[in-house]
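A short worksheet on the structure shown next.
A, B, C and D are the chain letters, set down in written order, and residue numbers restart from 1 in every chain.
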Amino acid sequence: MPSLPKPLRGVIPPMVTPLSKPDTLDERGVEKLVEHILEGGVHGLFVLGTTGEAPGLAHPVRHALVRQVCAQVSGRVPVLVGITDTSMTETFHLATTAAEAGATALVAAPPFYFPNGQPELVEYFEHLAPALPLPLFLYNMPTHTKTFLEVGTVRRLMAQETIAGIKDSSGDMSYFHELLRLRAERPGWAVLAGPETLLAESVLLGGDGGVCGGANLDPQLFVRLFEAADCGNLPTVRELHARVMEMACTLYRIGRHGSSFIKSVKCSLSELGICNDFMSEPMHRFREPERALVRETLARLGLLS
Amino acid sequence: MPSLPKPLRGVIPPMVTPLSKPDTLDERGVEKLVEHILEGGVHGLFVLGTTGEAPGLAHPVRHALVRQVCAQVSGRVPVLVGITDTSMTETFHLATTAAEAGATALVAAPPFYFPNGQPELVEYFEHLAPALPLPLFLYNMPTHTKTFLEVGTVRRLMAQETIAGIKDSSGDMSYFHELLRLRAERPGWAVLAGPETLLAESVLLGGDGGVCGGANLDPQLFVRLFEAADCGNLPTVRELHARVMEMACTLYRIGRHGSSFIKSVKCSLSELGICNDFMSEPMHRFREPERALVRETLARLGLLS
Amino acid sequence: MPSLPKPLRGVIPPMVTPLSKPDTLDERGVEKLVEHILEGGVHGLFVLGTTGEAPGLAHPVRHALVRQVCAQVSGRVPVLVGITDTSMTETFHLATTAAEAGATALVAAPPFYFPNGQPELVEYFEHLAPALPLPLFLYNMPTHTKTFLEVGTVRRLMAQETIAGIKDSSGDMSYFHELLRLRAERPGWAVLAGPETLLAESVLLGGDGGVCGGANLDPQLFVRLFEAADCGNLPTVRELHARVMEMACTLYRIGRHGSSFIKSVKCSLSELGICNDFMSEPMHRFREPERALVRETLARLGLLS
Amino acid sequence: MPSLPKPLRGVIPPMVTPLSKPDTLDERGVEKLVEHILEGGVHGLFVLGTTGEAPGLAHPVRHALVRQVCAQVSGRVPVLVGITDTSMTETFHLATTAAEAGATALVAAPPFYFPNGQPELVEYFEHLAPALPLPLFLYNMPTHTKTFLEVGTVRRLMAQETIAGIKDSSGDMSYFHELLRLRAERPGWAVLAGPETLLAESVLLGGDGGVCGGANLDPQLFVRLFEAADCGNLPTVRELHARVMEMACTLYRIGRHGSSFIKSVKCSLSELGICNDFMSEPMHRFREPERALVRETLARLGLLS
């Protein structure tokens, strides 16, 4: 198990979960996908996030995925495991499995059925973090959890030794810049951006990296963008950022629902021969008209060899 | 197993889940609470709803609760079981347990992590309902699921033979009245109100009854209110509705978070000696200052004997 | 000028503003509409509300409307004048014109561009009310003002002698019932419901009446519904409420934008030969396909003689 | 009157409106403030925006302000005038005054009382723009107008010759990057960022500049930041961006309501001896405890000489 860099920096793709039919792991697909992503030079791997459809998977499937990925990565990069759940008991079960499988760290968003106040969120993470077997990253994901981890809440939680950073998927860059300021109080704390369209600016202005869903598909693009931004090579940043925007404005716009992003990425991976594109229910994979559009778009983007 | 009345009418309390510590059933409490509620003359019992903290309970606890309650009720009234989950597989597991235990019907809100479009909701329930072993009630709960079951969606789902009605917890009475109009297309379909403060008017204007959380505490009050409204006895309706409002504006206002309602009810039941008041994490039961207020308020309401 | 009843009770239609072209009063239309409404037996008339498109009218048009309507009503019923504006100075100008023209009372929602906190709302109305030449009704209209007048805020404002009641257009009946409870602290205070689909239940359970937009079209329907509810005649209430719901689910659903309600009412009045149907910009009156639907629907509802 | 650069680039401060008492211009303050801002080297001046409290000012005050500022600037930089109003007639009046006074361009957000659909917004601006005497900038300000100018809407409006660009105050940088991509279809179109905390990244990645409220106070800081970002001088960008964040996280956090930003800026300007700090009602200027904090913070920021 590689120890956790302090801070964790770079591109840590939130892996999609290959399924061979609803709620059954596509084990061969998982294997190929992990290798595909690692070949891109990424700095870590995050399983059971939103892009991984974690809440849509039955619990045994989640545990099996964690075991398979940790075994396969085998220390080559840090593995982060999402443990977000509405039930704290299930959250602890996932954490135990992750630790036993050799994962590096955990990631938890707030429980997401009951609306929570900020003091309740503080209590929740103050209770959770010390009881976990691995370091924890906070996960701010207000569109899906209905709760915003406010700056004051994050600041209080920085006092917890075992909380190692935050992944912010709010898309609110003013908030993100405030999180960056907080690091002065705790060097080694990581602040990672969720939306891949914000990777360029977040790293240019001091962020630690990104959890970029598109890196399932084209990991190298995001790794190169991170590196260019990290060393201040603006012309390259602009060129690669334009490419990220082009993917976002074409490929991810196929389909009409909120989950189109995951469907597009899975459909693309299936077109590339990497894994199946089944979705956890009630979501459905793209059918033919969308699938043809994906193929066409991948070709235009130069992603189909 | 009693067959499901068509339509299901009356007061069907959403039972709180007595816990002896976080995520451990208070079995003796469950037993006493079921009897307490049934003695009030209710027309059904609903377990694993929002008031029952279902999403906060580990899965084995949910299954155990369903078995215990069905065994104990033993056909005296219909038992409805909530099967809402982010994972459709877990939803089916709960449905199987409910059917085997002798439950009467199931209740499902939309999956609640990923935001869903209306066409996706239609597909979800069209897929779910025919595959279930028992009749299904829809559950509109937008504050917790982030999704509103729009009138057009409900109308389309009325075509499903095994969907028997809807529980609407939106609090939007204009929407509720539209749902009532839909019944012309499918006699025997039930439209039940969620918020207990709206029971009076919903039944006065043709609704089928309510899923009233306060009926855990004072089941008779709601049964009498339902009956008065159902037979058009306005003076009694006004008097009992005033009492419901008084509970809502005093007892349920103790505490400061969104979950205060459940905490107040559980704390009250503990004061009445019926069951423990532990909450599923990350929620916490009331501590002393709130507890004292609950005691005082119960006394003022004449609920402490 | 009739003095203000304490409390103000009954049906007080929010008059649409007849325009002969954008931002020009249809004076003959105003005259005929006022008589049409008053013949229905209403208990008051409210100009420059949301249904009256007040914020969309140039200021001179608003002032002219107030003068014409007050002169024409000439004390037959109380006239209420909306003075909501983003500029407090313009609010005071409207109040002065209203008083000089012989209006009975004023109605003000919170200023609606800048988001306001509850303490700011308290201060605003505490400053406004005593400086006005006429009694004031609060106006809770969160969909349009982005601000909710919370129960605690309303309770504090009841201490203002010159505030005579509240019109609640939130559609939240639990909140409405709480407002009714507040009246114990100040007898003579009026609580009026905004949405006409909620008139029946609000009056059945103690409300003082409604500000029903549909009463522009069919004032008698709402007056009869109010009277039936007020004297507890449930069978008549149910019959007339069903008719209100039928209008709401057919006539007001024509068109596709948030402003369809006003457009439908104006188009209907134009079909009835009462006034023009121009809208304040940027809204547009219905064109032919919608207009034909309105005609057809009016015929089906028996509203075209 | 200077002609409008194509595209308009740089720092265009949204001027606060100095008042000597509520709704009375502080004319001497306006004069000093204009000179203070222009000395900072700004690329334009924007009056009657949100920071200028435009909706809270009586109409004669708005017109007087436009005349005074245009006369004083006298062609030294382009002057942009906000014409947003709920009444289209008042919008046209402001546009006429602006043109007669010699302003360079106009800025309009959607009308903000009635919720508008995207097709209605397209129609509104398609009607408005050609009828105006000056070029128009769109203004996306969803927190205050309740309406989001979606990418598809903006794309359609780019076909209007007289629309010269957009000011985006949404704070949503993914959306902002999409707007930048649209410029390929219409060279010379300007995309300006609203929130000053996002000026650095927006310009680094191709944006045309910012409408920075803090530039009322320290215009040079924002001009230098724009220039550093525009020529890709990353170390300077980071240093100046840190300073912008420091102002945002200290000075603008004083006070507790949504309008604290404007109050802080006005209070600061008053401490600097530049103008009065009265606010348009119902907002109130800071009283002593906040005022002392402002003084202290200005000193710590080195802004008090």
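As a convention for this text, a contact is a pair of C-beta atoms (placed from the backbone, for glycine too) under 8 Å apart; a residue touches a chain by one contact, two chains touch by 3 or more.
Please read all numbers here as calculations on a predicted model, not as lab measurements.
Set against the C-alpha centre of chain A, every other chain centre is closer than that of C.
Over half of the residue numbers at the chain A-chain B interface are used by both copies of the sequence. Chain A and chain D have CA centres that are 36 Å apart.
One simple way to say how far apart two chains are is to compare their mean CA positions; for chain B and chain D this gives 50 Å.
Counting partner chains per residue, chain D shows two or more touched chains at no residue at all.
Across the assembly, chains come into contact as A-B, A-D, B-C, C-D. Of all the residues in chain A, the ones that touch chain B in their complex are 22-23, 50, 53, 55-59, 61, 86-90, 111-117, 119-120, 123-124, 127-128, 143-144, 146, 256-259, 280-284. Against chain B, the residues of chain C that register as touching in their complex are 171-174, 177-178, 181, 195, 197-198, 200-201, 204-206, 232, 234, 237-238, 241, 245, 248-249.
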